[in-house]
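Shared between the two complexes below is subunit A, which pairs with subunit B and subunit C, respectively.
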Partner chain A sequence: MQFALTDVPRILPEILLLVLALLVLGSDVFERWANTDAARTEQHRASASLAALGLGMILIIALIQSGYVYRLPDDAPINFLTNIVRNLQNGGPASELATTPILGAFATDDLTMIGRLVVIAAAFLTVLLTYDARPTANPGEFYTLIIGSTLGMCLMAGSSELIMTFLAIELTSIPLYVLAGYFRNDRQSTEAGMKYFLFGAMSSGILLYGMSLTYGYAATAAVTQGSTGNNLTQFERIRELVAQAGEPTVLLTLGMLFLIAGIGYKVTVVPFHGWSPDVYQGAPTPITAFIATASKVASFILLFRLLTTTFPVLTGAADVIIPVEASTFTGWTSLLALLAFLTLIVGNLAALPQTNAKRLLAYSSIAHAGFLLMGLVAWSASLAMDREAGIASLLYYLVAYTVMNLGVFGVLYVVDQHTRSDEISVLNGLARRNLGLAVLFTIFVFSLAGIPPLSGFFAKFYVFMAAWQAGAEWLVIVGLITTIISLYYYLRLLRAVFIVPPDTDAPIPTPRWMATSLVLSALLVIVLGLFPNIILTIIDNVQAVAGR
Partner chain B sequence: MTFELMMFLITAVVALTGGIGMVMFKNTVHSALFLLLNFFAISVLFLLLQSPFLFAIQLTVYAGAIMVLFLFVVMLLGAERIEDTTDKLAGQRWLALVLALILLIQSVAINLITGSNEPPMQELETLALLSDPATLGAELFTTYLLPFQITGIILLVGIVGVVVLNQRVRTAQDKGQIN
Partner chain C sequence: MPAYLIASPDGIPWLTLLLLSPLVGLLLIGLAGLLRLDDRIVKQGVTIWMLVPLIIAGLVTVGFRPALAAEGQSVVQFVEKLPWIDALRVDYFLGVDGISLPLVLLTVVMAPIAALASFRVTERVKAHYALLLLLEWAMLGYFIALDFFFFFIFWEFSLVPAFFLILLWGRSDAESAEASGDRDPDTPAPASDPGDRRRSAALTFFIYTMAGSLGLLLLFQFLYLATRAAGFPTFDLIALGRLGQGLGVDGLDTPLRDILFNYANQLGITGVLGGGPLLYSSIAFWAIFIAFAIKLAVWPFHTWLPAAYSEAPTAGSILLAAVMSKMGAYGMLRLLLPLVPDAAQYFAPVIGALALVGIVAGAFGALAHTGGDIKRLIGYTSINHMGYVALAVAAVAAAGAGVPDVSLQDSRASAINGAVLQMVAHGLSTGALFLLAGLLYQRTRTYHLGAFGGLRTVAPVFANVMGVAVFANLGLPGMAGFVGEFFIFRGAWATLPLFTLLATIGLVVTALALLLMYRRVFLGPLNERLAHTPDMHPTEFWTALPLLVLLVLLGIFPALIMGLTNTTALQVVQVFMQAFT
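Coming up: the complex of A and B.
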């Protein structure tokens, strides 16, 4: 298998991200280098605007390529513009090229495309948030790292091979370690960077071990079946080998367990969540938003692709508790159901006593990972239709989760810029100090809590419905109970904003581009909630590929 | 005694000398040089196993790059002579010795049980082809092109990260926060 010229437009968004990263890194040289505040602000804004413009353009190109907004009809007139669009869309998920991954390693189907769009949009909103911020040291490098990490996430969303998966995860994580510890003179930030790095290194080790076991199984099966070839790391190939070998062995199951654990660290599922509150609290707030949203989206898509293409043999029931029999605990769906249960309980209960807003939201984000897992649990359904409902609900949840978390961390960042603190108490009387910001905050928090008609409500609703259909009724009941528990701590945030009187009445200014980013997120939260069909029709495309 | 066996014995003695010398010597620079000797010997072992690519990699990466790094760090830190301090973990050496023994027994046992050193299944020609540097290079630039390129990007990002984290503090505002 060779890399063909027609593969270039298929990975165009990734290539453009790499070019943008290099541009941002290099353009820093042409800025004024001085130690005055004005010069540093200028340098910071130059890098930020270049990164934001670039990411915005890549987002538009990816949208055109996807064909979700506009699909060029076959009989369109031939001119310069339509040729560009046609060439782009020929590399998009709708073309027949997309049915086979590039070199067997990188799929460019609808699942990848949706992942790309969400991740690039998240990066764009994050960069907008930082535009008006106090200048960071080395802005060029700061934005290069953000874009590099975005590139890694796009690759994660599309990787369909073990080596590629590992490299994509590393490319995502390494910049995030640096970014989490970016404020070297702030002890919490340094701690966050260090902790993230150590936990990440350990999870990479676990992941690699799982990969080596899985590869070992595949290679053994290939030798006994007399087939050769160097494609034994591809998800599809492993699935074939497993299917031909008959009964899956302990070795394969162990490999799968380690793979789930390794990716579980990235998506903060409960036994592997220990790092996230400290990292979320210590990292610079926009980076926290980025880690909490984009990297989780990419990891969940990767987890979905890995489990459903490689281990469909190991799928089982969604029950783990009722009825109480050992034999009902089968396959990865049961395991994920159990993890979802733990994640929901621990995430929501641990959020209750928090006094730091970022820490509280970190636990809330852990709890949301539990809801997201329910979408994966729905894969245990016997009907293909119900399984498709599971993936659709998972993707819808991911999109909604991304916009509302970017928004809520964004509001915290605006307040943090002014008050230099992220305790809940600094939110006191926000309604009196900046009503617009308080309203935006309310929208995001209501959406997180799952109050209709915001997108957070529909996300939870679809996930519950998919899980119920798949036979995980007990999990849905747990989900409902924990949702009610979560209302308590979300309303605590709103109580601070609206009821508790502030120490001072000094208004909190919202700089222009931060406000733009927040308003964009809020609009998405509302529109996706009022008209969920806009995005559900797009998500329906995924099922044709993934829902075999 | 065949030529191969003779070569193996000589190389093995050299490798063992390097390994033991590295552990025994007090001067860190001497230890590093003995480690270098060990690396060279092992690269010759790879050549005896008919894998010229591993031989070249062992020489360039281990004996070349990593050793230079070791020596740089040792000399920069001025840590040539580390005085003999007591072990922080009591009984560390004995534990290490026992574990090494277990490992040795294990490998000998596996060798005795599974029996042979013959290559599995495939003919020698295919194996020789697989270990051929040209084949490996072609694979890297065709089948594994994407992972290969991404490795490059990871290295770039890693370098940027290291540079950022090691920059001197520039501004007065940041200075106020140090410790």
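Coming up: the complex of A and C.
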């Protein structure tokens, strides 16, 4: 398998992200800035606007490439404009090229495309949110790191080989460690960065161990079967080797467990969630939003691809509540069902007593990881149709989750900019201080709580359907009960906003671009909730890929 | 479309327009906010705008052909059906029949009354009126949506505006303490108001209803999968109702109980739980019943109600009591009876007993408050009155002692007719009572029944208007409340004679409680503190008058509502003409 010239357009979004990262860095470094406040603001805005424009353009290019909005018909006339679109779409998920991964390592199918779109959109909204912020030191670095991490996430979404997976995860994580500790003079931020780094390093170690075990299995199997080749780290190849060997061995199961644990850190699944409340609380708020949304989207897509392509033999069944005996543990869906159970319970209960808004939302985000896992658990269904519903519900949930979390953290960020605190008490009387912001906040919080007709409701509804179809009825019931529990802490946030009188009636201003970002997210939350068909028709494309 | 669904005769999507009209009102409020218009204009503008849904609903009623029935059910009219979510076969499906249309009319009548009742709101006026419009939207949507997905969305969403109305404009703690007699009205109220009481009322209301509807959500997901296993995946309430009644849809003739049982069998649940189809219908029955019983405040699910009704602002109380509690009863008529008739028949005595306890306990609860909070008293009479509706539901489903014959069909149908009329009448009369209680508070700054006395001498018009509302509420012949209760008793007598007999205790005690309330406010020696209470203003009089006129009109000529309902009622009860065992 060779890298061909035709493969270049297939990774065009990634190439463009890399170019953009270098541009943002260069434009900042090669310019001399005066040491005044006005100059610092100017410097910050120069980098922010370049990053936002670039990400916006890449988003548009990726959208054209995907063909979800407009697909060039085959009999379209040949001219300059159509040629651009045609060449772009030839690298897109609908072209024949997309059926095989580049060098067996990077798939460019619909799953990757959707992951890219969500991740780039999340980065775009995050950058938009920071445009009007107080200027930070070295904004060029700040935005370069965000874009670099976005690039890593895109690679994670498409990665279909173990080493690629590891590189992509590290490319995502290392910039995020730096970003979490970006406020060097702030004790909490440095602590967050440090903790995130230590936990991340450990999870990478676990992940690598899992990879080496899996590779060890694959290599042994290849030797016994007499086949050679340097493709033993590819997901597809490992699956073939397992299928040829017949029974999976303990080695493979062990490898899979370590892989799940390693990625479990990234998606904050209990019991691997310990770092996230501290990191979410300490990191700069837009970075928290970015970590909570984009990196989870990429990790979930990676987890899905890894588990379904590499370990279909070990799928198992989700109707086991607790594996009492070793023999009842049947595969990764049982494990994920158990993890989802723990995550739902711990995430929702631990959120109840929190007094810091970001920390509370960190636990809420842990709880949402539990709901997301239910979409993966649905893979244990016997009917292909039900499995497809599982991935469709997972992706819908990821999209809904991304926009509502970006929104809710965004509102906190606006308040934080003004009050320099993110305790729940600073939200007190927000309705009196800025009614528009309070309404936006209410929309996001209600969506998180799963109140119809917002997208959070349909996401839960669909994921419950999928899990129910897969035979995890007990998990659905747990999910429903914890949804009710979660209402309590979500309503507590709203109570602060609407009931508790503020210390001061001074209005909280919402700068223009922050407001734009928030309104965009809110519109998405409402529109996706009312017209889920818009996005489900796109997600439908994925099913063909996942069904392999 | 099948024969039992017909679209709007002139092709105009009237129900969508009806549903959009409150949302357009919302946009108008936003526009008023941009133009910085005066709050007074917002109040008047929204009230006038609320006539638009009223007019549309009126047009729908004129175009509605009440006598149509086809293929074993009354014809659902003004149907609009578009695919919405392909992956789950969810349709945008609206329509009205004889049960939903009267409730749509009730909603569009009560919404402007609530808007008029909020003219005294001074804080955050635009938000208050926006929430009223949102609430009207959600309630209308609930009554006309015929796909479970939308039905459930409106059901849950209606909580949101109601929650905020109670939370933000509800009574202050000082007012509540004063109303229950814990605080002397003459001492100045404390400056700060933590709002603990209204907050707990709002939260209880929200979480209670939400928790109750979980079973409903789970059940419909299960039903979807069960019907999918039978080859016809659907969330369509009409289709599910037809399957439940064994009428068949699109060539699928298996009754819903068998579909449910087969699916449970296929999943292996029957191996664990055992039992026959009735067990699974029963589980479904309780999932539906609990969700709606909470909203309808059937004993013992009523505990949220007195606090929610009494802590809400006047407009909130009016809409909660007049319309939102009917959402529960409507759900029972729309889902419970058609979907699981066998379990409904089996458990009819249980519902009847719960209804009976509610009727009697509600009445005595009201009696216990004749020296306390006037809004709580009205709340308890609501529990009593909604008990009659629950009794009617039980009576429709009950097997009855005799051989099923035509007279029993008549009785059951009159129970449904009576229940629908009772809902409308209770909505109008309780709405009027809460409105008047609010007006009384504006004059006297008290809700405590011990603090009134002799107001008739200074406010004769007020006393007369309140008198009419009280008599309508307690069911004086000639008023709508009487006709509703009469038909319910007439219908229930045939199948549940004992319960019906005992329920009459509730009639007497509620009447006593309401009359005692009236006496404490208007009769007796004049309380000196209230000697300068102004009488009713013309605007207030004209706000209350439509309700009173409607109450009398429906009392004298109930066919206005019953004519709409009767065909549907006769068709709904068909399925109970057989004995399921």
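The definition used in the following text is that the second predicted complex is superposed on the first by the 537 of 548 C-alpha atoms of A that agree within 3 Å, B and C clash if a C-alpha of one lies under 4 Å from a C-alpha of the other, contacts with A are read in each partner's own complex, and residues count from 1 in each chain.
In this text, a residue touches a chain if its C-beta (ideal position, glycine included) is under 8 Å from a C-beta of that chain, and two chains touch if they have at least 3 such contacts.
Owing to the predicted nature of the structure, the values given are computational and were not obtained by experimental measurement.
J.: Could you tell me whether subunit B and subunit C fit or clash when both sit on subunit A in the superposition?
T.: These partners fit in the superposed model.
J.: Please work out whether A:453 is in contact with subunit B alone, subunit C alone, both, or neither, and reply first, second, both or neither.
T.: second
J.: Please indicate which partner A:181 is in contact with in the superposed arrangement: first for subunit B, second for subunit C, both, or neither.
T.: first
J.: Considering only the touch criterion stated at the top, classify A:145 as touching first (subunit B), second (subunit C), both, or neither.
T.: It touches subunit B, and subunit C stays clear.
J.: One more residue to check, A:311. First (subunit B), second (subunit C), both or neither?
T.: In the superposition, A:311 contacts neither subunit B nor subunit C.
J.: Just to confirm the value: shortest Cα separation between subunit B and subunit C in the superposed three-chain model, in whole Å.
T.: 37 Å.
J.: Go through subunit A and flag every residue that touches subunit B in one model and subunit C in the other.
T.: none
J.: In the complex formed with subunit A, which residues of subunit B make contact?
T.: Within the complex, subunit B touches subunit A at residues 120-122, 139, 142-147, 150-151, 153-154, 156-158, 160-161, 163-165, 167, 169-171, 174, 177-178.
J.: Would you mind writing out the residues of subunit A in touch with subunit C in their complex?
T.: 389, 392, 431, 435, 446, 451-453, 457-458, 461-462, 464-465, 468-469, 471, 476-477, 480-481, 483-484, 487-488, 491, 495, 498-499, 501, 531-533, 536-537, 540
J.: Write out the stretch or stretches of subunit A touching subunit B in their complex.
T.: Those residues of subunit A that touch subunit B are 1-3, 18, 25, 35, 40, 102-106, 137-138, 141-142, 144-145, 148-149, 151, 155, 161, 163-164, 167-168, 170-171, 174-175, 177-178, 181-182, 184-186, 223, 228, 230-231.
J.: Mind listing the subunit C positions that touch subunit A in their complex?
T.: 83-88, 124, 127, 149, 152-154, 156-157, 159-160, 164, 167-168, 192, 195, 199, 203, 206-207, 210-211, 214, 217-218, 221-222, 224-225, 267
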